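Look at the two complexes coming up: chain A is in both, with chain B in one and chain C in the other.
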Partner chain A sequence: MADTALEQLKRSGKIVVVGASLAGLRAAETMREKGFAGSLTLIGDEPYEPYDRPPLSKQVLLGKGDAEHTALPRRRAIDAEWRLGVAASGLDMAARKVLLADGEEVPYDRLLIATGVRARAWPNEAERELDGVFTLRTREDGAALARSLNAGPRRVLVIGAGFTGSEIASACRERGLEVTVAERGDAPLVGALGGVIGAVAAELHRENGVDLRTGIMVTGLEGDATGRVRAAHLSDGTTLECDVVVASLGAQRNTEWLTGSGLGAGPRGIACDAGCRAFDIRGIVTDDVYVAGDVARSPHALFGYQFLSLEHWGNAVAQADTAAHNMLSESTDRRPHLWVPAFWSSQFGVNIKSVGVPSMGTEIMITQGSRAERRFTGVYGYQGRVIGAVTFDNSRWLQFYEQQIEATAPFPPPFTTVDRRSDGQRPIPADFPDPSVPTHGPTITLSGYSPADRRITFTPAGH
Partner chain B sequence: MSHGILSQILDYANRANPYPLYEELRKTPVFHDGTGPYVISTYYDIQSLLHDPRLSSDSRNLAATAGDPLAEDGGEEATALPPSFLKLDPPEHDRLRRMTNRPFGPPHSPRRVDGMRDGLRDIVTGLIDNLGDTEGIDLVDQFAYPFPVTMICQLLGVPREDEARFHVWADTLAASLDPDPDSDPAERQRSTHDSRMELGMYLAGLIEERRKKPGDDMLSQLAVGHGPDDSMSTMELLSTAALLLIAGHETTVNLITNGMLTLLRNPDVLAQLRQDSRLAVPLVEELLRFEPPVQLLPQRTPLVDIEVRGTTIPKGSSMWLILASGNRDPGRFKDPDRFDPHRKDIQHLGLGSGIHSCFGAPLARLEAQLALSELARRLENPRLLEDPPPYRQNAVLRGPRHLRIACDGIRPA
Partner chain C sequence: MRLVVDLNRCQGYAQCAFLAPDVFAMHGDEGLLYDPQAEEAQRERVAQAVAACPVQAILVDELDLAATPAGAAATAGAGDAKGASDG
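This part shows the complex of A and B:
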């Protein structure tokens, strides 16, 4: 075989992965599977080997599993050099080097960035330092929060009713703890699934004994003399006594370390092409820097080539796989990452799943089951086509709706289905909040403009 | 496409090895010979149709002209037993299946099946101890049949002594799924009807007793009923009980027998299993792919015209999904005709998929794992006396009627 640059890379090249979690690990495994025999370095700022996050807000808070025991199962040995507990602090693209916080430099031939997101902290610094104030993203967060729930607090306050906040509230109720949820929007999950489904989620909260307060902001937290949180002040002028507070305000992308590197990285993530190759700030695609997972932002053909950032487990796995494949392939053998977004959550005993991009939808139709029974399928429509779907305890049908999204099938669906009820005969407005009004963070961020959307005028610079 | 391939599949002469016919069938992924059912035979098509909400399992949606040789279902209405959840769509299906699941599986009875492990092992041990003359064992009559039957009786709370009575009914009802070309349809319909009636009356009596004096068995718990869905009506309870009893009879028997037959045809695998009983878990999965006890689902009909691979299947048509063919689809599985218990990629269709996926799967798996690993461990030098063995008539619930084997002796338990 000809000794191409690619063969050389595979045999003795240096690949560096920054972000040693789900996407980083899966990419590394794929690279070895594809016969990469060179040196592989995984850099992670957390001191642990890769672990799984979804159980943190589910089993761990219920006391059914330890935060320490959520290590990700390995699909194969990867024979990597692990640099754990040290953050990457910079990138020199010209010299092909990653700079570490401890001053070391790690050279690469190919770089994969999988630094994910972090929890958005409670904005007031003094208040977030109070004992009893938490966020939930890492294993340490999970362990600490579980401990504080074990201690039997009198009242937990969850700020933000997105998926994570709702799961935390659900876990509290399952343990018999009093919990208040304060949500700036009109309903839980409204940013991800819209008001029609948000209303169902709100009922779910209330029926399960959550003190749900919507249209409310927490304006401040108050501590006692020992520095423990004891109350929260709400925008309606009331004060709520609570001894545990979880700020569940969505996520921020871990891209600061790339500032000044010239890579197209910012608060919305790192822009890349459909093949996971990162763009530089000039909009030119790089050849040696790849991106995967929560930190990536890539255009999707099914959704008008809008750039999607997804905080979805399955996306991290699939995108890591594609990135790894492409890193080790000739340009003609590369594959696009065209994964149809899919997400799951479980709360209050209900299994919630979604596919596609519900938040792009303007209308929704309940095609099966009923909202009153909390067992249904809702299909989202956008400009006359199916763009997303959500199921509550109805996930066995989801595959079909995923195919409908892939086939850009018409909306409303023109056919009968089993279990169609009278309230599912017609689409209704999906009722998403105005995107300029912040709610809790959604798990899908759409960015970039659709070509139909001529909002900016381009004025080329004079020569 | 050879003509009459469906009748060849149904023809008893091809029962021992229908797989070449399935291979032929897959060349026309949506097969329809003008009058009969629409037959779907490739993996991905079956898989996606099992998740397609436009497909109904309720035979009341079948057009009168659907022309399905398996669908002479008059027997059901005549007995006035309502259809079991196997033959219903949501929301009725979901409600009944959910209620049935309460005493059987998670989240309400999370350890029920696993808790049966010791009991199952005792039955297996007893049956093997009593195999008798090792020069002529009929593994079906002496082992594969009595084992699951004893178990389903215990689970449901049906007296094992009555087995002789409901054995006949169960046999007749299972046979009603099969269009035996040699039998007189009117006669068959009559005997199906009678069997359902008698089985219904028998179960009604039992349920009455359980209502008065509930035990720990599933019938008692279903009869008493609790939970947000309320309880089942007596008629619903009867058809559910009949479904469980028959499904508990006629499928695991074939899984175990097919399993032993396959092992005896693959002595290297049998030896591996004897060495390490943990192999039983992946082995049973591969078996469910390779020789599934339910070969095809004849019970689907579209609610509207649907398109599959460019063919429009009209509303109300009868559709058959050939699970066993999908399981051997080279478009899905590498080297599909090879029995390989070490296969990693094994998302088979052997237990169906979607909302009707096999209700008893956890129990069936456990029974087959225990049965096969114990047989492998205890039978010394087992060998087939007849290959292929004689099969049952049934093309849907396919399996050997007898499996004659011999061995040099029986190792102690």
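This part shows the complex of A and C:
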């Protein structure tokens, strides 16, 4: 028997999406595709329609594209009411209302939260206000940083050698700018990919003329009389003259607006079930509040049901689609979000891609190519199974390893690959830093309770 | 014309860079750079690139925008943004 409440929701209900970026837009499109004919409101704190962020640290910094021209294409018309340039400031779950910073209230029957993350700011407030000090997350950030690079600074300092920091350094070098990278860990990308791959990344930086300094912290920034940054003080006692500083310190989840709402939201994101339904603070799943994208944390069967939160473009797309589907489905028609983590980066002319959760791996084996050539596939092992893979200019192999990860295939891989070379004959420790030692933030956060070593296969029926 | 490439899917076949070189360019052996807001004059070439991509990684606006901006842009903010991005 059809659920009449669901039929009514589809015909004339109110759906509100907080977060007008990639996940929010894709969810809205899916809702309309599924025949949602009611009112749809998209709330975003930035004054722009949804835009794409990856180009901001790549073509925009290279001067090959404008930050203002990265608006996302639309798969279809979504006929939404847009509330842009105003942040959500609170949630009244009992009354089913979103509160806005301008004092207005927006009622909903179903709510999707896709508020994402923001750049972690340089911690010293006075120093972060200096001219020439940037973070890179938003369209405005991208435009401002591109302008400052166009002006031809004498030296750029990038603090943090995660993916974004490394991409910024790469763009600077491609433009012929002097750049210093200061990284607290032992190598670039070490938090995401481990020390074996981090060593390759470090060589890439140095070969391309980056002044890479690892195991070092920036202890303070110094401005001149006009309030413009002129130098940075480092933990080894040295001072570095620089006129542009980019703090690339990872991201923080935008959940503060939910404080006191009763939703299970905190600094690690908003906990939800595999079907994107948010948990309240009592650990009870809601049926009208859904979560998608960078701000969500959900249990994943492939990783011991640990709660996974992913700052990945593809995850935002896939999770938004699942959330939108489930918001408009009978309980028996809902689907779990079981996306296999995947991301890409492009730096120093090398295409870096990864699937699975490399940072869970304890060992790595180079199965194709070689590190010396900067063209290889590395496979990560965890407790005798394949848990992740990374490629440098070898992306066509990734799909194969994605299947291996999904099938929890044994590690080390038992097959003989076609071009196994000296690099790849045995697994070696992947050399991830001790997680208790601070480094740049991983883009994947694993947390929570692992009930047992259960593994499932989900085969959707007729979706 | 707005477009986005799903670079998780992209495997560097370079068909797009061959068919619409003013919009797509290889950067290194496998990396791809593209103009997220290509000139309208490129539409035919971009359509060929979309069709030729072996992994179907390119998404282009399906909207012939006459239908949406006025209706969708209910607030001043959205109206401004739309004006800017279509300009």
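Basically, the second predicted complex is superposed on the first by the 446 of 463 C-alpha atoms of A that agree within 3 Å, B and C clash if a C-alpha of one lies under 4 Å from a C-alpha of the other, contacts with A are read in each partner's own complex, and residues count from 1 in each chain.
As a convention for this text, contacts are C-beta pairs under 8 Å (C-beta built on N, C-alpha and C of every residue); 3 or more make two chains touch, one makes a residue touch a chain.
Just so it is clear, the model here is predicted, and its values are computed rather than measured.
> Touching A:235 in the superposition: chain B (first), chain C (second), both, neither?
neither
> With both complexes overlaid on chain A, does A:367 touch chain B (first), chain C (second), both or neither?
first
> Applying the touch criterion given at the start, work out whether A:329 contacts chain B, chain C, both or neither, answering first, second, both or neither.
After superposition on chain A, A:329 lies in contact with neither partner.
> Where does A:415 make contact in the superposed view: on chain B (first), on chain C (second), on both, or on neither?
first
> So, A:85: does it touch chain B (first), chain C (second), both, or neither?
second
> So in the superposed three-chain picture, is A:252 touching just chain B, just chain C, both, or none of them (first/second/both/neither)?
After superposition on chain A, A:252 lies in contact with neither partner.
> In the superposed arrangement, which partner chain does A:396 touch: chain B (first), chain C (second), both, or neither?
both
> Looking at chain A, which partner touches more of its residues: chain C or chain B?
Counting contacted residues of chain A, the larger count belongs to C.
> Quick check on my understanding: which residues of chain A belong to both its chain B contact set and its chain C contact set?
Dual-contact residues (chain A): 349, 375, 396.
> So in the complex, the part of chain C that touches chain A is made up of which residues?
2-4, 6-8, 10-12, 25, 27-31, 33-37, 59-63, 67-68, 71-75, 77-78, 80-82, 84-85
> Using the touch definition up top, name the residues of chain A that touch chain B in the complex.
So the residues of chain A in touch with chain B come to 349, 367-369, 373, 375, 377, 396-400, 403, 415-419.
> Which bits of chain A are touching chain C when the two form their complex?
So the residues of chain A touching chain C come out as 47-49, 52, 54-55, 58-59, 62, 64-66, 68-86, 313-314, 317, 342-344, 346, 349-351, 353, 375, 393-396.
> Applying the document's contact rule, which stretches of chain B touch chain A when the two form their complex?
Listed in rising order, the residues are 48, 51-56, 89-91, 94, 107, 303-304, 306, 354-355.
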